[in-house]
Amino acid sequence: MLTFVDSVQEAVSGIKDGYTVMIGGFGNAGQPFELIDALLDCGAKDLTVVNNNAGQGDQGLALLIKEGRVGKMICSFPRQSDSWHFDTRYKAGEIELELVPQGNLAERIRAAGAGIGGFFTPTGYGTMLAEGKETRIIDGRGQVFETPIHADVALIKALKADGKGNLVYRKTARNFGPIMAAAARHTIVQVSEIVPTGGLDPENVVTPGIYVNTVVRVPAGAGSTAGTEEKVA
Amino acid sequence: MSTATSIQTSATPLGRDDLARLVAKDIAPGSFVNLGIGQPTLVSNYLTDEQNITLHTENGMLGMGPAAEGDQIDGDLINAGKIPVTELPGASYFHHADSFAIMRGGHLDICVLGAFQVSATGDLANWHTGAPGAIPAVGGAMDLATGAKDVFVMMTLLTREGASKIVESCTYPLTGIGCVTRVYTDKGVFLTGPDGVAVRETFGCTLEELQELVPVQLKAAPAA
Amino acid sequence: MSTATSIQTSATPLGRDDLARLVAKDIAPGSFVNLGIGQPTLVSNYLTDEQNITLHTENGMLGMGPAAEGDQIDGDLINAGKIPVTELPGASYFHHADSFAIMRGGHLDICVLGAFQVSATGDLANWHTGAPGAIPAVGGAMDLATGAKDVFVMMTLLTREGASKIVESCTYPLTGIGCVTRVYTDKGVFLTGPDGVAVRETFGCTLEELQELVPVQLKAAPAA
Amino acid sequence: MLTFVDSVQEAVSGIKDGYTVMIGGFGNAGQPFELIDALLDCGAKDLTVVNNNAGQGDQGLALLIKEGRVGKMICSFPRQSDSWHFDTRYKAGEIELELVPQGNLAERIRAAGAGIGGFFTPTGYGTMLAEGKETRIIDGRGQVFETPIHADVALIKALKADGKGNLVYRKTARNFGPIMAAAARHTIVQVSEIVPTGGLDPENVVTPGIYVNTVVRVPAGAGSTAGTEEKVA
């Protein structure tokens, strides 16, 4: 059931201790800062958070981690130049980390939304990230069995929603939004603009409203440019 | 080994920019390419319009343009290194699963990555030092290494301590097995594969001198 | 069985349109629904604007409107039965894998299908007679049966030969196992599941008369 | 490598005997009739064809089947009121049929394009279409192992292409086009219109040009409304 709410506080009010929460965004692009701030305020704890990163600077997901609300991170790239809150918690043994290659992360989230029970992929075969996992050789290539990642709630950011909850995104801020919307039991979206039903071209809808449960308008203006990842080699 | 000296193409080792220029020149016209974070990003500075190369960034875009400057900077338009970039005509955006399907499905012609080590058979180690206490972070490295048709590595041949990064067998945790096809270094270009390591050209040294630095049997590559 | 007569809601068996009207009335407001080819398509004639139902068609659309007529007919806008349809405000188009992900991922609230047989535990047979020489064709039936949160079947209770289509165990090839939750027939509405078959209402007969037609133990459903 | 050609004959000229050919379309919507006619003219035989149906009436895929060019059909719904050419060949034992539930067909094609080695799905579990296939119980549900469907060539129809081969489609004619374009080694597209590079909004591109190899313009005008499927029950 789709509802439009007036505040981010109301939007996240159903999130309970122990939930698995997917949070959209890659770096700051597409990160739903205001929803995360509301999640921080609502006090839910023992969360498992699924995001590409593990927070940056002193905002958003980084603050959730700082405040000890996150028991486990499922992500591909926790180590950044400004991921000090995660670093501290991790080194203190206060947060669990499931490190997932980014493509497996995306495909596992997609699998959850699409009803796939599991799949074989060459990514990670022969590496320590495949240790303990089922493998098989398919068409001559070593492959690893990966399972879907489901969530209780997804917090995502889109550009516009219409009255049916259909969404469009903006540039590379699209990233994990569409697949997380499909993978979560309940999807909460912050949008810059709500347009009347019929205001989005049906050819260009990226996330159909069937995947959206709660919409809240947060005027654009927040969001700055993210820090850069550490260089390799 | 009689061809050893004939493969020397530069009297001195190559700097990072010269190396990036060389990689750029080797990319076939019309290719779809992903440039990894760090040194590989320099390659984009030397791609020509005539080459008609399309750059992919795994956070959801084909047709990525140069880094954004000034008013071009847009927080919603960044590359995999989270640097603001620009959009070229003919670009397209897609979500993360579709973006990685491009890599994982074998549709990229080339990806260029940095590395800690490359083995004689093309194993790649570039994501984790394995040092105690180091926070592991893999990003898209394993998908790129496994998915692209050709994986080029750009790196200095030697570590700061003088050890060869081309090794018989990687001691750092692996990113992918047998995936690297070429290694571009300051001292030479190496072709890796199931048949071992061939040297295409050397910079500021002979093949014999290179062999003294690298603990893997080298041979001269057949002339292209 | 003392409640038997109290669940009779119609003095005569229901015709196809009356049955479609009943199914339509039972669909909760705001639901996302897929209507199978044939008799289930009739349900769309009785959905009201107030119900705000969104129809899915597996060939790539949410927000499907009524059948197209006259100038509305557009060869590029058809439903799963390949009938020209229309588009409602708030519709969206997507490719086949995304469309089936909607069904297979459990996102549809209800699908309504025809059937050859339904078993006491909700097994469905609706795609193949299994007759020698018959060309099998499954379409999206198995995905719909397996993926929707609720699977409603619409059918006549009896075959032309007078045999019950509600059976202890299907003799026709299965479409899905334990997937059907309700069966709407001309003679009554049946709730199926792991606990057996309960009758919600009867049309033109008593529960006792219905029990004589159906070779499966029936019970009266608790009042809603 | 992307090429724009002047005729459908030139577009299909590389198709060889024994190829697996995916053909887009659901019923007539999105079916690339002119490319199929050219394939008929070029004479390639012993083809394995992947399509949702097995031809209708006396056009397109139905004619390929009539002329004996198709050794095997992989499809979900071969039986239609006007699929007489398939019916005749099938009953004569002259064409092999791999019948695949439509969602498995779509997901297997998608898996090929996405580099997935195989996946488990509940669809078909316990039915005769899962006979002989690996199964396992995942989270309490019976699931069947399904493998990717790759192709040598895809023939699809889109609305517009730009100079980079980016595609947009029209309404339900989109259907199998995007996933087939990704699953085939070589994708041939007929479009109604070719626009300059930059003429498609990057937010609205459905098939990125990386999946497209050959583009030919075929002015709209062909294509009529399809026959209806046989009713069930």
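As written, the chain order gives the labels A, B, C and D, with residue 1 at the start of each chain.
Everything that follows uses one rule, which is that a residue touches a chain if its C-beta (ideal position, glycine included) is under 8 Å from a C-beta of that chain, and two chains touch if they have at least 3 such contacts.
Predicted model, so just to flag it, every value in this text is computed and none were measured.
Steps from chain A to chain D, minimised over paths through touching chains, total 1.
Steps from chain B to chain D, minimised over paths through touching chains, total 1. Note: centroid distance chain A to chain B, computed from Cα atoms, is 29 Å. Put simply, the C-alpha centre of chain B and that of chain C have 56 angstrom between them.
Centre-to-centre separation of chain A and chain C, using mean CA positions: 36 Å. The set of chain D residues touching two or more other chains comprises 107, 114-116, 121-122, 169-171, 202-203. Contacts with at least two other chains are made by residues 61, 87, 93-94, 97, 100-101, 103-104, 147 of chain C. Inter-chain contacts occur between A-B, A-C, A-D, B-D, C-D.
Taken in their complex, chain B has these residues touching chain D: 30, 32, 54, 56, 61-63, 87, 89-94, 97, 100-108, 147.
Residue ranges on chain A touching chain B, taken from their complex, read 26-30, 52, 76-80, 86-87, 90-91, 97, 99-107, 109-110, 121-129, 142, 169-179, 206, 223-233. Those residues of chain C whose C-beta lies close enough to touch chain D in the complex are 36-39, 57-61, 73-84, 87, 93-97, 99-101, 103-104, 113-116, 126-128, 133, 135-143, 146-147, 155, 173-177. Note for the complex: chain A touches chain D at residues 107, 111, 114-122, 136, 138-139, 141, 143, 147, 168-171, 201-204. Listing the residues of chain A that touch chain C in their complex gives 1-2, 112-116, 162-164, 166, 182, 197-198, 200, 202-203, 205, 208-211.
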